[in-house]
Every structure is written in structure tokens, then in C-alpha cells.
């Protein structure tokens, strides 16, 4: 047998089909302002923002082993930066979102230096303390409304677009774009050298360290990049809400609990997991949200059962059954069908 | 031969995807001292883990006093009178010497062994009773590990590589103490890399090679060349 | 004098925080589990106390006799049925499962007791005070502090002087070898959680007598307890008391500077100590 008949590749028929379907879906989604109703667009916009948050949390917890229950720190920080930069800095909201991301990265550096001293689960609670510090600090800023919060002035809202439908389309596209950018960024990051190091660390931290991978540095980069992107998503979220208060901006339920449930249910440690999880989460929410607290309890029970019985989530079950991967990350050995050989 | 206290038949044991034992058959008679010899990776430690319940298998593969115990947890096996002196001693670092001994006896089985009896066997431990177990020398730690197992007043005691990492003179002392320990009517299974030591204290031996019994027989009469063939697998 | 008063009141407040922290510290010490739902368990203790006092018409402190064993049973069952399944090398399952428990518990309390703030009525105990050296000290804070000291002394004694404590330490050291000693680690972990939630019940009732509470405050109590544990140094129970006192003093002194600064000052002192002494002020000393 001529061994040149074999080659190593990341792509498979499924990944190629997924790419084509993804492009078609993207075209349909970009065109949503021309076919979807106002309420549907709002819902989809929110869905994309959650998808982005979930993908980012998954990068940290599922790949870098950094389990944070304090990402609301950056969501809220982003929201407040949007308000501050537009109201006091006179910035255009879209520019403010970008600047907020940079500020998020800058503030994440000292935070990481501090809380990286905590190990494992204590790291998780440490992130929560940081979020509390952010919340209490912003509640002290009276020019941003203190504890009761403030609304985005009409003039700034108008600067996005004069017409209401124009604003709605723009904020929809921003949400869609952010989800696409985040997933693409996570995907490209995981394919990069840093990403490979991350996978090595996840599989065996000790061995990865002995191979010369700087674990601390790799995790630090992930933390700071995730913080920057989460800050931008936070700015976008509050550009849609138009109103901010410390309790809403730094809500552990809204920006962390739901995100964790999405990732756990969908499948932690996979790119596909957060996508599936977000779809399931919104399907459940739209059907059960009237039940209020019961709905949240059901969500908690589902997450616990999945964590105990199927720790790789729903995508894990699908993948194990069909050996499927939509994002070409792992290498496969393939036999060429070409009769000429290479 | 008297009734076997331990009867192992067709034991297959796995570590994840790796199979460590392939159909091992073995018997220990009441009051007998048996040696298990074999090279590194032959499956000796896995055999002891399977008997003591640290590795769980099919119930019927390990029979103790006629009861299938292969699927029981280690604490359930311990309560039936099986004690293990683990490889590398593995004392509890946050317990004092005396606490390490007491916790060995807390199963509450009746018998000749008590704190006083252990201190009589190893007087140095009485002097060091209040110290942290990690502050002792290797040999003294091995005494604690043996004492801890004895405190359970077991009917069957398993020794895993008790000479590993100890100075020859200390190994000599510990082996000198063994007859006094086992003489109390206990059955014993001794896993040892030092073949002559193992043969000198046992009445029969089993040699394991790559997870299978390659040779067994009386310790006193076995020929050296048979052992090295069974040990290394060279023809 | 006002500042001395703030420090003394903060010290007494620290007793309550040490009670929040003791259960957290205990289960981490025995099974390396960090229970994200710990704060909600404290709140559960407070609500159970509320129900017991309302149904039986007894004093909140008397309710301890019923609530402590109740919480202990809940702890044992919870550990055996769910939490034991999460223990292994992996960090995620215990963290995410207790996080899920936290959400379930919070919403269950919301469903049963509504979001209205509640408070337990301890009668004259709430207002009684004694005058010491010109300072007026509330009897309730003094009692809370005394209970905290007693609870920590009792835990310390249990850990280092009893067969149960020996089993806890042995299992914490090496689960496999402890199993060989006839200790079923699942049962031992169940007992540790029972003990931890018994202490948590005391914390919940002292909280519920002192201030009003609602189902949403669990997260904050978890954070206070956690900060006390880290400030004091992991695995050191008396250190946890010291950590609670430092946190309490930071909060009362912060509130003295500006009422809005109470909680923030506590968190900032915690972060400062984390920056300077990452292992806490009194890291575990053997013995």
C-alpha cells in the first residue's frame, strides 16, 4: 500500500456541508430586517448576544479551565462605559463600543493579576467579588445615576439612525455581527498556537507545563481577551436596553447563571455546544417563561442532570453518536479517493 | 490442604482501557503465607487492589471464606477481615503516629492486636507516638503502616512491596518481625520484588508475568532457573 | 471614641461572618468542595427558623433545636444523593452542580416565601445592650460572637480530638487508604456536609434575628464567608474567625467614612490582603 494515499486533514464532509449551510443561514439572517417582524428581530438580537456571551464563557471554562461566575463584571462595565463615553465623551455609540472593549482589556489586567492567585473554585468566587466591587463602585458614581441608574439621552439614541426601524436594524446587525465575530475569534484562537496550548493544558496541565507551555501566560491572554469581548457585548446589550442600573448591569443571574446553563446544556468545551445551548435556552424560555420561578428551577434541574449524566452536554451526545464535528478543529486521517495518488 | 480462605478464579482486571490481569487463578489456605513475585508491571499490585476492593471486579472472581467479594468496596472488604499494607506506606500525614494506628483499628474487630501489642512489636513507635507520621524515617513509617494494618485484627493481611525504598538493614529487621506477626493465625499474601526474601518467608509462591500466572509451587523446592524463566519470560 | 466603637461593632459583626464561613471552610477541608450554594443554604436556615418560630410560637434561639438537625439531615441527603457524584479530579462538576442548586434553592424560596423581606422576632434580645467602658454593646451581637467562638472551638475539638475528626482528616489526606481502614468516604462526606449545614443553620438563624432577609441575599453571604476564609488562610478555623473579624471591622469602619462604602470597604480590604498575602494571614499550621 502506498502511504501517500493517506493524508491528515481537519475538514470532513460534515464540516464542508456545515460551512455551506452556515453561509446560507448567514445570508438569511442578514436579510432579517426585510422578512422578520419587530418582536422577532428583538428576540433574535438578544439570542445573538447570549450566544456571544456563552461562547466567550465556554472559551474560558471549557478550554482554559477558568471557571468564572463573575463575567457580569465586564457586561456591566461595558454598559456603563457606553453610557459614560457617549454622554460625557460625546462619542458615537458604535465607536464607544470599540473603546469600551479596549478599556475592558485594560481593567482586566490588574484584575487577572489579583484573582489568578486563587485556585480552582476559589477563583470562581473571586471573580464574583470583583463583579461586586464593580457594582458597588458604579453605584457610587452619581453622574451615572448612582444606585438607581440612568437612561441613554434621546440625542445619543438618535445619532444611531433617525428612524426607529433604522435603529432596530442596526442594533440587530450589531448583535448578529458580534456573535459571528466572537465565534470566529474563538475558532481562530483555538486553531492558533495558543489554542493548541490551551487544549494541551485542558487535557493535562502537568504534562503541558513540562512541555514548556507557559500555562499562566496562556490563561492570562484568554482572560484578558475574553474580558475585552465581553465588555463590548455588554455595551451592545445596554445599547439595546437604553437604560442601565447597577443591579441590572451586574446581575449574576442574567449575565452568568443563564450563560452557564446555556453552555452546560449545549456542551461545554465545544464550539457547537453554546450554539445548541442558546437555541434550547431560548426555546425553553419562550415556552416556559410564564412560569417564572418554576422555569428557573427547571433550568437548574436540567443543568444538574446534564452535568451528572451527560457532562459533555447535548452536543456531546450528538457527537458521540454520529462522530460529527461542524467546526474543523481536530485532525483526522483520510484516505484519498483519487486513483492517481499524490 | 485445609479450606482456602481466599479463592481467586479467572480474575480479569482493567485500568481504564488497559487490561492488567488475564484470568488469574490463585488460592490461599487458612494460616498460609503466600508470596507473589513478578517483574514491574506484571500485575502484582493490581492483584492486591482487586482483593482489597480498591479495584472492583465481578463478585465471583474473588471469593473470601466462600463469599464473592470481588464487587465490594474496599471498606466492606476491610470489615470482613482483609487488611492491606500499601506500597509506599501511604500514612495519613495529618494524623499523628498513634492516630494512624488507632484509625487502623477502628473497624472494631476483636483479636490479639491492640495499641500495646503494636508498641511491643515496634517499641520505637511508642516513643514517637505523638509525632506527625511524616516526620518518621522510612523504616519507622513502614512499621506504622504494618501496625495500622494489624490493628484491624485481619484474618488475611496483604503486604505490597514492604521493602521498597528501605535500607537493607531495616528490611532485615522488618522481615525478622514478620513470623511473629503472621504467627498469630493470620493468612498472608506477600508481594515482593526481592525474590529470595519472598521465598524465605512463604510456603508457596505464585509468579506473575504480564498479567498471567506463569509459575506456582512450594517455595522451598523451586529451582532458580524455573523462576527466572517464569519471571522474565525468556525461554 | 466613635472609631473605637466602629472597630468593636465590626469585631462583633465578624462573629457572624465567621459563622457564615465555618461551614464553607469545613467542607473544603474535608472534601475540597466549594459549595456555591452555601449562601443560599444560610438563607434556607433563616427561613426554616422563621417557619418554626411562626408555627410553634417559640423564640428564634429555641428554633435552633429543630432547625440545626433538619439542616444536618438535608446536608447528609444532599451529599449522598447528588454531591458525591460530582467529586473526582475535575473542577467543573461540583462547581456547576452547586451553582445549579443555588439557583434552584433561591427560586424555591421565592416561590414559597415571596420576595418580601422577612425578619425573626427575638423580642427584647434585639434591643438589649450592656455598657462597657463607655461603649454600648448590643447583647445580640455579643451573643452572636460568643456563639461563633463556641462553634469554632467545637469544630476544632471535633477535628482534632474525636474519631469523627480523625476520619475527616484521614479521608481528606487519602481517600483510597481511608477506604481500606473501613471508612466509607461517601458516608464520611455525608457526615461532613451534615455538620457543615448544622453550623450553617446557626449562621442563618443569627442572621435572621439580626437583619431582615429575602431569598436573593444568599450570594452576598457566600462572598462574605468566602472572604473570611481566604483572609484567615485556608484550612485554619481560628484564622477564619480572625478573617471574619477583619472583614467586619473593614465594613463598619468603611461605613463610618461613608455609608455607601460599607460593603465596598470590606471587599477592598479582602483584595488588598489577597494582593499582599495570597495565602491569607494565617495559612494552615499543622496540628
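Per-chain numbering from 1; labels A, B and C assigned in written order.
As a convention for this text, a contact is a pair of C-beta atoms (placed from the backbone, for glycine too) under 8 Å apart; a residue touches a chain by one contact, two chains touch by 3 or more.
Predicted model only: the values in this text are computed from it and were never measured.
Taken as a graph of touching chains, this assembly forms an open line, each chain in contact only with its neighbours along the path. Chain C has the C-alpha centroid lying closest to the overall centroid of all protein C-alpha atoms shown. Chain A and chain C have Cα centroids lying 33 Å from one another.
Separating the centre of chain B from that of chain C, both taken as means of CA atoms, is a distance of 44 Å.
Each chain gets one centre point, the mean of its Cα atoms, and the points for chain A and chain B are 54 Å apart.
Across the interface of their complex, chain A is touched by residues 33-34, 36, 82, 85-86, 91-97, 99-104, 107-108, 110-111, 219-220, 222-223, 226-227, 230, 260-261, 263-264, 267-268, 270-271, 274-275, 278 of chain C. For chain C in complex with chain B, the touching residues are 163, 166-167, 169-170, 172-174, 176-184, 286-287. If you check the complex, the residues on chain A that touch chain C are 61, 65, 67, 69, 114-115, 117-118, 120-122, 124-126, 128-129, 132-133, 136-137, 139-140, 252-253, 257, 260-261, 264, 268, 293-294, 296-297, 299-301, 303-304, 307-308, 311.
Residues 52-54, 73-76, 78-79, 83-84, 86, 90, 92-95, 99, 102-104, 106-107, 132, 148, 152 of chain B are the ones touching chain C in the complex.
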